[in-house]
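There's a structure below that I have some questions on.
Chains: A, B, C and D, in written order; residue numbering restarts at 1 for each.
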Amino acid sequence: MKRIDYLANPTRFMRLAAVLTPWMGWATVLLAAVGLYLAFFVAPPDYQQGESVRIMYVHVPTSWMALFCYVSMAVAAATGLIWKHPVADLVAKCTAPVGAAFCFLALLTGSLWGKPMWGTYWVWDARLTSMLILLFLYLGYIALVNAFDDPARGAKASSILVLVGVVNVPIIKFSVDWWNTLHQPASVIKMGGPSIHPTMLWPLLLMALAFTTYYVWVLMVRVRGEIIANKIRVLRLKQVHG
Amino acid sequence: MTQFTGKDLLCVRGGRVVFTGLDFSVGPGGALVLIGPNGSGKSSLLRLMAGLLKPYAGIVAWDGEGIAEDPEAHGGRMHYVGHHDAVKPALSVHENVSFWAGLHGHVGTVDGALETLAISHLSDVPGRFLSAGQKRRVNLARVLAAPSPLWLLDEPTTALDKATITTLERQIAEHRAGGGIVVLSTHGEIPLEGAGVLELAHFQAGSGEIAA
Amino acid sequence: MMGVFGAIVRRDLRLALRQGMDSVMVVMFFVIAVVLFSFGVGPEPNVLARIAAGVIWVSALLASMLSLERLFQIDYEDGSLELLALAPVPLEVAVVAKVTAHWLTTGLPLILAAPLLAVLLRMDGEGFGILIAVLLIGTPTLSLIGAVGAGLILGSRRGGVLLSLLILPLYIPVLIFGVGAVDAAIGGFPFKAHLLILGAFLAGSAALCPWAAAAAVRQAIE
Amino acid sequence: MDGLSEFLNMGGYAPFVWPSFGATVAIMAVLLVVSLRTLKRNQAALDALKDRENGADEA
């Protein structure tokens, strides 16, 4: 009987995940430790912003990750829709909470960084506003994926939504940038400082890498959870239909 | 010789194997009756044949060409009668039937169809006043109003009275005599002579597939 | 092809006119929303004039979204959507036909009501012509994007609320340039660029949205 | 010891720097723990279902 990988457990993925998870865990801890050390003890304070620039070492990587997770959701969704690969659907569904967390953190750290610089917690700055809209796209995705009784239905509908969303992200970015320059006085201090000094670049990259391995770590854990939940559902259905 | 065939069909709904390794083949003038307990996949198979549902594996073909290749062409040569009757409460019977017949490019055949199913007296009555049986007859009228080679009928006799069932029987015989094909799921109300029978229970998945 | 398109549009219009106070309700919501803003912000003429374009656009956007939830829902429940998917015409044509009918029953009435509300909000006279032009280009885009959302929520629990969460972020570019065009016109600045961009949004969504909405409907009726 | 307190003060920006890093670590940790716990719970439920099913087969 041809192996029905939708029903049989995707053993290849489960084995890979089981092996990968601890490595990702240790990589995250190590990279984060080194990154934070560099960020606090090696990188120089900003001549204008002083120590508050260190928030950049969390704000910038979380912003990158927010976008990176959304794009990987779109790629996973496309794979799921086009090649009907069941695990791809699960990857998209499990990435959403991680992406939404990073997106929220980017907003939180952005506003905490903005307070000493601009005097208020929220400024309709182009980047922050786009990040806020991206958060709405995440919340819309998460709401849709859980709005159906049959999870396969939820996965299909939300895959289409994330593909429509990923097409709209650049359009929204363009519109918000235009809207922002129209209303915002031009004197906004550039977030990343005039030029990235090497000692500032390394912690940024290390933190970004740490967040990426963290993403893969949580993704592996969540996807395995989903696969097992699927198997439970199939077993229950079997009991009902016999 | 347009043959309506299905090869090694595997249907998965909600993570459960509904049927597997299912083949069928019906020629012009032929008929196929699907029998089996509820939940054995009769409706799923009909929806698969209509193209509403994609099979997880296997292929449904018309004259050798997969129906997924050109869904519009398949839509043009087939009528699917499901559980819902698609009757709009705000539109009159005539408007309902002529809309669907119009989609298939047939105009002017509506009155004949209403006549055959004895609902021409309801022609101007809005859909919301109709009984379940009358709504089902309006649904069947759209099939008669736009002749198509393939009929896929999912339990067509529900909510129909004796007289209408015999009318339906005659229409199916006429349709088959004209070279048409009929596939229907039923609980035995319509005796169709010379019809193939497909027992869904034979194609249930063994318990081995699911446990894994 | 065009015959079927016309048939579906006529059927939906007939349904909307017979069944529905649909368009009337949508326009009523539009008027009430604008009036609420005035109560909230106060009758100060130059304050109202300042925010008039924004208030009208946001209210029009919310109003056109009200009836989107039922774009496919009724046909989905009574089985017509399945038959439309099985029609000898691509589902995309049926989707565009339904969107056209939706726009005629909601977008158009909003455009007719907009100048009246612009007077209510003491909007500067120059803005009226551009407001109508911008709404003419913008509201079809709203209906097209909304159709994708309407397809996605088929068969889900609490569709209405979900639809607004899915669709409103995607409306933001149309809102920004719609209001931008009117404010530019009132301020005496050139507004041609805004109209071109809005036209681009319309062309883009006319090309992509029917395809995405049909895909959403197809997997909903599986 | 004043090096530590001076470090903690973050040039006067302490109320902004530490909450940023703190919230990041906290939220990431919570997401990780919740995910791990869901995995364990599902695994236990699956094992329980499997045992009951094997139990049923034997009985």
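To be clear about the criterion, a contact is a pair of C-beta atoms (placed from the backbone, for glycine too) under 8 Å apart; a residue touches a chain by one contact, two chains touch by 3 or more.
A quick note: this is a predicted structure, and the numbers were derived from the prediction, not measured.
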Report which interface contains more C-beta contacts, comparing A-B against A-C. A-C
Approximate Å spacing (C-alpha centroids) for the pair chain A, chain B: 47
What whole-number Å value describes the gap between the mean CA coordinates of chain B and chain D? 54
Chain centre separation (chain A, chain C; CA means) in Å: 31
Counting only Cα atoms for the centres, state how far chain C is from chain D in Å. 43
Residues of chain D engaged with two or more neighbouring chains: none
Can you pull out the residues of chain A that are in contact with at least two other chains? 235
Graph shape for the chains shown, where an edge means the two chains touch. Line, ring, star, complete, or other? other
Which pairs of chains touch each other? A-B, A-C, A-D, B-C
Across the complex, what residues on chain B touch chain C? 47, 50-54, 71-73, 75-76, 78, 80, 82-91, 95, 99-100, 102-105
As the complex stands, chain A meets chain D at residues 36, 40, 45, 50-52, 54-55, 58-59, 62, 97-98, 101, 104-105, 108-109, 112-113, 115-116, 214, 217-218, 221-222, 224-225, 228-229, 231-232, 235-236
Show which residues of chain C lie in contact with chain B when the two form their complex. 3-4, 7, 11, 14-15, 18-19, 77-80, 82-83, 85-90, 221-222
Listed in rising order, the residues of chain D that touch chain A in the complex are 7, 10-13, 16-17, 19-21, 23-24, 27-28, 31-32, 35-36, 38-39, 42-43, 45-46, 49-50, 53
Going by the contact rule set out above, which residues of chain A touch chain B in the complex? 1-2, 4, 6-9, 150, 152, 230, 233-235, 237-238, 241
